[in-house]
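Alright, structures below, take your time with them.
The same chain A turns up in both complexes below, where it pairs with chain B and then with chain C.
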Partner chain A sequence: MGNENRTVTTRAWAAFVGLTPLLVFSNGLLIGLVLGMTFLVVHSTASAVALLVPVSFGQRRIFAFSMAGAMIASSVCATLIRIIDPLLFESSFTRVFLAAYTVPVFNAAVVPSSMADRERAWENMARGLGYGSAIVLVGLVRELMASGGVSIAQATNPSVFLPVMAQPAGAMVLLGLAAAGFRVATSRGVDR
Partner chain B sequence: MNGSGFDKNLAIGIVLLVLCGTASGLGSRYAAAQAGAYLAQQADAELNAPARHSVWNTLRTGQIVGRAVSARHGSAYLIAIKRQGGEYRAIARSDADGSLVSVVPLGANAGFSYAPRLDALFARAAGVAKHGDDSPIDPALKPMIVDALETIATLERSRTEAINGQ
Partner chain C sequence: MSIFGLAFYFTFGGNILVQWGVIPGTRAKHAGSWGASFAFIIAAAVAAVFDGLLFRYSLTPMGLESIAPITFALFVFGAYAALRALFAAINKPFIDPFDDNSFQMTLVLYAAAMTAGQCFSSVWLLLGGGAMAAFGYLAATRFLDAIMERLDLEPVPATFRGAPIRFISAGLMALAFSGVDASFFSRISG
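Let's turn to the complex of A and B:
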């Protein structure tokens, strides 16, 4: 039981570290929504392709297919963003394509080794939803702290409250606090 | 896998992947065309000249995202100045030799603290600044303005030279 807890905690830390680039880029609600939605679609595609492709392909080919699917999904997301808001696309397209190259997506693209794991693969979808929500939440909190309010529109005279929170340093401060909170919460769980 | 080494499932998988990739590429081209039409319209609206009927060219050169070219009224360039913590956007109109005629600020992200100073510096570059409007952060921001304006001048000159050469 203890080992299982440790494995879950280690995986959670690995996912947290792997998501850091997206969490740092997510410095507002709008960009957070863009990155969170893209991540969810890319993650779900990678895990779905890993399950749908026949096991006879072998692990390497399945991984290659899943990653190719994830990249096509990120391209489709970028296309949709470009149609909906071309200006938003111009400011975010380099970050949108990054979503396919994060550790949680790599993990989702690996085919589950045992049948029991394959049957529990739907959990990957839930994980993707959780990670995507975390990206949106980080964007929301950072924008709230940076400007004192939340808006999805660009302003000609934007309000400023704590500008460091919109910068990478602010993301690191927020992630440090979140990691400390996470550690306290998990250590309490182990003590019990 | 059969004896001849040909795996039918693998071939189907690769064909499906290629089809999806091609469809995604075509979708991307369509999106680029739609985005170009929208951005040209947006540039004309911001310049209060809907009759310009501009054509959009995506450039992504330095801080210049692209330009809306009108056959009669010259070019307007979309500038996006990125700093840590946000992005500032403006539309700059230039004349045929690439010098700045006017700048229309489009806005910046919430919490982007450099936006008011970038507004002031662009207004100064366009010759409509208030006297004595200075800030200690201006020297750090000026190189970005100068770079954007030099890029506009270079791009506009090369465009007009290409037209004159034809």
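Let's turn to the complex of A and C:
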């Protein structure tokens, strides 16, 4: 693997690992959908604000504006969840607020340094969609492994099949196995 | 999961893995003393109390719990601006605290503040939530670092070297904390 590809892989891996707080708390399909949707909105807001604010503001101010936008977006999402389902809000609001404090959102809030990077900024939206899907997928797999079934309803599946998968430890073990599986599938090792 | 567990897992299970070195080539150096670690726990606990009281007495009565992230941002940016102003007032050069670790520190403070939202019953619980968030940070940066050094000497299969074994090690440590959380902290905080 060339140095450039290795750097890209490392950055992508860094961003994915930065999602771990959300992946740890995504222990079911419903909460995964909530967190994934919130993350997508927050990530898109951060990247859009970073592009829309004039470069003359300076990198630090743009970052502050982008993060403020991301936090407002997470608040809006929390409000929507509260309107739609107050019980779901009560059980998930602390996790929803985390979305603005993850590495990918921080990366999206940094203004692209070159014009070429600015022109490719739409890729941030695609990244957000990918990360959001990963959060939903992890929630689905963990619920399936923990209870042997999947349901969109709240708290209908007791964790009787493999209960540890519903715990944070299960998320990390799952991520470890996924990383090993990814390595086998691609047959190219990543440096320690 | 208790609020202490929530704070712990947020900082331990999440963002600290980045600093701790799951990502290849970014294994951090942790030169801080135990005294600094203790001071850090105190700071996180105080932040939890401050933000928790703000949440309890300002946001909740007005039904504005949803804007908690914004108030936290104002708190962090406001503290930063106040620090700059203080240094300017006493004519001393301002050393920017936003170094490489600031991201993790901010997250720990946020974890403390986040747990404060659920700790309505006692200031002691607010202090505990903040301290536990800081403990999660220290567990990841100190204890797991020692495990990683030991794993370097073990014959780990090639497929599991690097990130996979680190995730699994973190999972096993999290499993151990789950036992402590369920048998001890959950009984305290409910």
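Convention: the second predicted complex is superposed on the first by the 176 of 192 C-alpha atoms of A that agree within 3 Å, B and C clash if a C-alpha of one lies under 4 Å from a C-alpha of the other, contacts with A are read in each partner's own complex, and residues count from 1 in each chain.
Convention: contacts are C-beta pairs under 8 Å (C-beta built on N, C-alpha and C of every residue); 3 or more make two chains touch, one makes a residue touch a chain.
All values derive from a computational prediction rather than experimental measurement.
Enquirer: Considering only the touch criterion stated at the top, classify A:A68 as touching first (chain B), second (chain C), both, or neither.
Expert: So A:A68 meets both chain B and chain C here.
Enquirer: With both complexes superposed on chain A, which partner does A:P21 reach: first (chain B), second (chain C), both or neither?
Expert: second
Enquirer: If we overlay the two complexes on their shared chain A, which of chain B and chain C does A:Q167 touch? Say first, second, both or neither.
Expert: Touch status of A:Q167: both partners.
Enquirer: Tell me which partner A:A179 touches in the superposition: chain B (first), chain C (second), both or neither.
Expert: After superposing on A, A:A179 lies in contact with chain C but is clear of chain B.
Enquirer: Pick one for A:S56: touches chain B only (first), chain C only (second), both, or neither.
Expert: So A:S56 only meets chain B here.
Enquirer: Considering only the touch criterion stated at the top, classify A:L40 as touching first (chain B), second (chain C), both, or neither.
Expert: It touches nothing on chain B or chain C.
Enquirer: Check the residue A:Y101 against both partner chains and state whether it touches chain B (first), chain C (second), both, or neither.
Expert: second
Enquirer: With both complexes overlaid on chain A, does A:A78 touch chain B (first), chain C (second), both or neither?
Expert: After superposing on A, A:A78 lies in contact with both chain B and chain C.
Enquirer: Could you look at A:P86 and tell me whether it touches chain B, chain C, both or neither (first, second, both, neither)?
Expert: The first partner, chain B, only.
Enquirer: Starting from the residues of chain A touching chain B, keep only those that also touch chain C in the other complex, and list them.
Expert: The answer is residues 68, 72, 75-76, 78-79, 82, 164, 167-168, 170 of chain A.
Enquirer: Would you mind writing out the residues of chain C in touch with chain A in their complex?
Expert: Residues in contact with chain A: 1, 6, 9-10, 13-15, 17-18, 22-26, 65-70, 72-73, 77, 103, 106-107, 110, 114-115, 117-118, 158-168, 170-172, 174-175, 178.
Enquirer: In the complex, go through chain B and note every residue touching chain A.
Expert: On the chain B side, the touching residues are 1, 7, 9-10, 13, 17, 20-21, 24-25, 27-28, 30-32, 34-36, 38-39, 42, 60, 65, 80, 82, 84-87, 89, 105-113, 115-116, 119.
Enquirer: Sort out for me which residues of chain A touch chain C in the complex.
Expert: 10, 13-14, 17-18, 20-22, 24-25, 64, 67-68, 71-72, 74-76, 78-79, 82, 93-94, 97-98, 100-103, 106, 164, 167-173, 175-177, 179-180, 183-184, 189-192
Enquirer: Along chain A, where are the residues that touch chain B in the complex?
Expert: Checking each residue of chain A against chain B gives 27-28, 53-54, 56-57, 61, 65, 68-69, 72, 75-76, 78-80, 82-83, 86-87, 89-91, 143, 146-147, 149-151, 153-168, 170.
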